[in-house]
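As structure tokens, here come the structures.
Each of the next two complexes has chain A plus one more chain, namely chain B in the first and chain C in the second.
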Partner chain A sequence: MTDFTQVSTQISVTKPRKSHSQLTALLGATPYLLPALLIFVVFTYYPLLRVIYLSFTDADMLSQAQWVGLSNYREMLANAEFWSSFKITVIFALAVTLTEVILGMALAFLMNAPTRLRTLLRGAVFAPVVVSLAATAVVWNYLLSPNAGPINGLLKSVGLPESGWLTDPKTALASVIMVAVWKGVGLPAVLYLAGLQGISRELEEAASIDGAGRFTVARHITIPLLAPTTLVVFFISLMGTFQSYGLVLLLTRGGPAGSTNLLGYYIYQNAFSFFQMGMASALSVALFLLLLSLGFLQLKLAERRVHYQ
Partner chain B sequence: MKKLLPLLTLTLLSSAAAKTDVTFMYGLGGELGKAIESMIKQFNAAQNDVTVRGEFANDYEGVVQKALAGIAAGQPSADILQLEVSYVPRIAASGALLNLKTMPGFQKSFDSFWPVFKTQVTRDDGNVYSMPWNNSNPVLYYNPELLKKAGMTTPPRTYPQLRAAAKKIKDATGVAAIALPSFPWVLEGAIWSNGGEVVDNGKLLLDQPAAKEVITDWAGFFRDGSAVLQTPNTTADFAAGKVAMFMASVASRPGLNASVPFKFGTAPLPYYKKPVVPVGGATLAISKGVSKERQDAAWKFITWLAQPEQQFTWIKMANYVPITRTTSRLPAYQAYVKSVPGLEIGGQQLPYARPRPTTAGYVQGTQEIIKALDKIFLQSAPIDATLGDLVQRTQPLFKDTK
Partner chain C sequence: MTTPMTLNSKSKGASARWGQEAISLLVIVFFVMPLVWMLLAAFKPQTEVFLGKLLPSRWEWGNLKLAWESAPFGRYLLNSLLISLITTAAVVTTSALAAYAFARMTFPLKGLLFALALGTLMIPGDVLLIPNFMTVRQFGWLNSYQALIVPFAASAFGVFLLRQAFLQTPVELEEAARLDGATPAQYLRMILLPVNTPVLSALSILTFLSSWNALVWPLVVTNRDEFRTVQVGLASFSSLEGSNLPLVMAATVIVVTPMLLFYIFAQKWFIESAAASGLKG
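== the complex of A and B ==
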């Protein structure tokens, strides 16, 4: 009984001391944190809250915004254009993300292999990431030109059928996905390369000694140990692709026939072409909530399925 | 001399301080952007009261975005804005633009414009919030060699002739005879030339017989394989001899001159029943929120640009059409356009030119029209149903149109 009293006395004495020291530490750190915090508040949190507010108004940036309640959200959900754009965005995001995960991992294996061309390959794979989006669009617009483009010229010369690429509603989305993967796969590849180099060689060697082939080692040892990297790649890529609009703005402007009208571009159009800032804000909030839920789901999944070395 | 030096410096400084600085935000790049910067430089050198500083906003949408940001912030993004005609009514309605009718010498300057441009910038209430400047109309560009291979020595003048020519060219050469746009600028002219209207009485009229006839005819080009969709690559395709004809602004000529390796031909825009062409381009507005001094300085630049001599200099660089009758009558202009075959067409088309619809909903409506036309042209969507659906869906956008 005495012991308990002693303990409780100890606690009651040390607790204020601890929180006092924490407070001192916080006060000491505040001046250092303040600039970063200010930047976050001004450029991230305030705009976020402002967008949420604007989504309940008829804001057009030209006149005083009036409160319209849930009207923008009701209109959004009843609009076939929104659902079409949503569907296109989901297809785009999943296609780009899955391709980047698979291709990024495959390229990382190649980049990790001890060949003479390793440095060149690493440079070549990562180069598109640092190329500006505008330059990417100019180059691919030319390459994919249906009439005078070299890709169709190549297809024709080997007797294969030509494609309308970005100008055909049937192939435009696939073409944009292809360009997005070309532009973005370098980053996942480098992340996977870092992941591969972080895996202990002893594990792979032990499996090899036990008779496992290269494929079996990759399947049962390497790839499972790359799960944390896969999670990061998946998360970054999915978040990026759901918000993507620049490529579409430069390559297709959402066309032809609305076949590449990603949500990001649809938001941009509503805001800056149609002056419907209220609707654009409602669409942005919907996208934000969707990404928040996806992020949450992904983290929950990661807790169960990702193995750390 | 030592005593004179401070005095001289002071004089120079005071004369520099007396100059009013104004910013001019424009949305044209490439050769046209260079032409704009050249005009600014010439203006700054020609007088001592105003200094104009050009700010490139990437494209017309960029100018609007920056203008909107300025309006929202309560601080105009520039003194002078180059606004594409369709954006002016909406921005003017917000009160962000100066009513230019209040400026000194307005009427004299305004009266010199071609009637089509006066109509284009005059709002329903009679006020004028922007002055014409870089305006154009579309023409037909063609590859004479490909037409020759199809046995043609002259370009088609009417749409029925264009249709027949397109079939011949496709059969004779195998290349796409024409690139037709789903952006409705040229289509508007075609519909008007067929006796129809695009927007009237609170609705889009593309489902009406005159418009439907035109769209059906255009769809025919795609369905018989003689047309491709006009895209940003069309100029490159034309230059590579992969497309025989396309319709675009007279101001596309500097870009074509720079990229097309052969001597291309220019012909008036084809028509159905009577020649009509749409005009387009941008106009110059002054932000209302800037000081009176800056408004006056901006006005000085705008009226300077509309002078026949400056117009002529601008036309030589950018190939836009003359916006004033006095420029059209200028002997130097007339001699110049005669020296370049095809260059005179833009000016010759002005007597039967019409301004584009500028109702507030037309910018958004245009996107819907593009989608519908893409479906009809590229996916062979049923014309009646697609146009009916388009008109139905866009009704809220045009309900206030008179």
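== the complex of A and C ==
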């Protein structure tokens, strides 16, 4: 009993002082933390809550928004256009990502080789990353013109059949994928190049002294050692392509016949062409959940896989 | 016995090297050709853009001037430059301040606040387009520079990148500065930032590039020429003048040239900075 009072007096003596100094510490850090955290709260966390709230309303920017419960979600899941858009987004994201991983790695090998054109090669591969999306769209829109555009002209001159490219529902998505890879593969290539330069030469040399050919070394030593880079490249590219729709916004407006109607563009259109903010918010939340689960998948894989070197 | 073998492997090495040079050349052409086509089309007479000939029969240098005068591209470029520079300065400042607190100070709730900052990496900006548009509209910021700058004035990636750099900077530097009577703010500005210039420059170039090239957000929050960025200006010019291809290509040349020139002169800087962005993953 006496012990208890003793302890409690001790606490009551030290506690205010400690919490006082803690408060001082927090106040001391506040000027440093506040600018960044304020922006995160106002432009990331608050809008996240708001988009979730809006998804349960019929907000249309004109009248007062009414609570409609799950009806946006129900409508979304019953809408064939949503599912078609979802499918197109998955195809687009996987196609661009896989191409960027494979091509990015191949380009990095080439960029790392001691060729005379090396500097020029690195510069050329990365140049489209620097060119804006708007300019990319304008240029490729011209290059892929169905009637006697430069690329069709080129195909014709070597005896290949011309294509409708962006104007044909059968080829439009593939064309957008091609433009996206042209524009985007520079980043994975540079990330792989950095990865390659981080691998110790000795390992590869030891293997080739042991009689392994160039492709064997690449397959059994270099590529496995690049696994951490592959993981990063794969998810950066996947998360990026799942939400990006700038090219589609400028090149095809989701068409022809809805063949390039990416989820991001579908949201944009619902929001800013039809002013269906509630529905667009429900779609945004669906996209967010999708990206969030991809993020967790990445974390799980990163924990499990990348313990080489 | 040994001589033919070495000869053989040598010539095999040489042909492999020539193969690499040839593939490199093809790759270079694939990535650069679209830009060359753009450049050449910008100087063609309108009747020649679809003829399939690479070079114009006569060079229409006037296209460039005509494009420049058809829309306020000077204003667009100035807007973009202003917005990108201020955004970059703001990101570097807010990131450095927060990173310093997370790397070097002890305060309650530190873990939680750091998680709050990094958590924004999991929330993609495109998902927030609608509520942020509404917020900016409520602030009365539609058609303003604030709308194009403030939402991007802080970056979790920046905080993370600079925190790593500050953690790797020897603590002794800070102790020495404190003994000399420097306040934390002075230490940050006069020592910690200068010794971490490479990381700061990587963050700057990545921020500048993404701000300069931003499309959807500026498209949504501005519709007046005074506040339009060069990307939005180009997109609207191309949809208005779509039929006059040489003019549209000339406008595109005007829009991409500043950034491409910057890139050509600072290629290494760009590429090394981009490699640092892999830490995001």
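Worth pointing out:
Here, the second predicted complex is superposed on the first by the 278 of 309 C-alpha atoms of A that agree within 3 Å, B and C clash if a C-alpha of one lies under 4 Å from a C-alpha of the other, contacts with A are read in each partner's own complex, and residues count from 1 in each chain.
The definition used in the following text is that a contact is a pair of C-beta atoms (placed from the backbone, for glycine too) under 8 Å apart; a residue touches a chain by one contact, two chains touch by 3 or more.
Model, not experiment: these values are computed from the prediction.
In the superposition on chain A, A:Ser284 makes contact with chain C only, while chain B stays out of contact range.
Of the two partner chains placed by the overlay, neither chain B nor chain C lies in contact with A:Trp83.
Of the two partner chains, chain B and chain C are each touched by A:Ala148. Contacts of A:Val131 after superposition on the shared chain: chain C is touched, whereas chain B is not. When the shared chain is aligned, no partner comes close enough to touch A:Trp67: not chain B, not chain C. In the superposed model, A:Ala113 lies in contact with chain C only, and not with chain B. Of the two partner chains placed by the overlay, chain B and chain C both lie in contact with A:Phe272.
For chain A, the partner touching the most residues, choosing from chain B and chain C, is C. In the superposition on the C-alpha atoms of chain A, the part of chain A touched by chain B in one complex and by chain C in the other spans residues 141-142, 145, 147-149, 272. Those residues of chain A whose C-beta lies close enough to touch chain B in the complex are 61-63, 141-142, 145-149, 164, 166-169, 254-258, 269, 272-275.
Interface of chain B with chain A (complex): residues 61, 64-65, 68-69, 71-72, 90-91, 93-94, 96, 175-176, 182, 228-229, 231-233, 236-237, 239-240, 242-243, 363-364, 367, 370-371, 374-375, 378-379. Within the complex formed with chain A, the chain C residues making contact are 17, 20-21, 23-25, 27-28, 30-32, 34-35, 37-38, 41, 49-52, 93-95, 97-98, 100-101, 105-110, 113, 116-117, 120, 122-124, 126-135, 150-151, 153-154, 156, 159, 209, 212-213, 215-216, 220, 231-232, 234-235, 238, 245, 248-249, 252, 255-256, 259-260, 263-264, 267, 270-271, 274-275, 277-278, 280-281. Chain A meets chain C in the complex at residues 22, 25-26, 28-29, 31-33, 35-37, 39-40, 42-48, 50-51, 54, 107, 110, 113, 115-135, 137-143, 145, 147-150, 153, 156-157, 182, 186-187, 190-191, 193-194, 229, 231-233, 235-236, 239, 243-246, 249-250, 264, 267-268, 271-272, 277, 280-281, 284-285, 287-288, 291-292, 295, 298.
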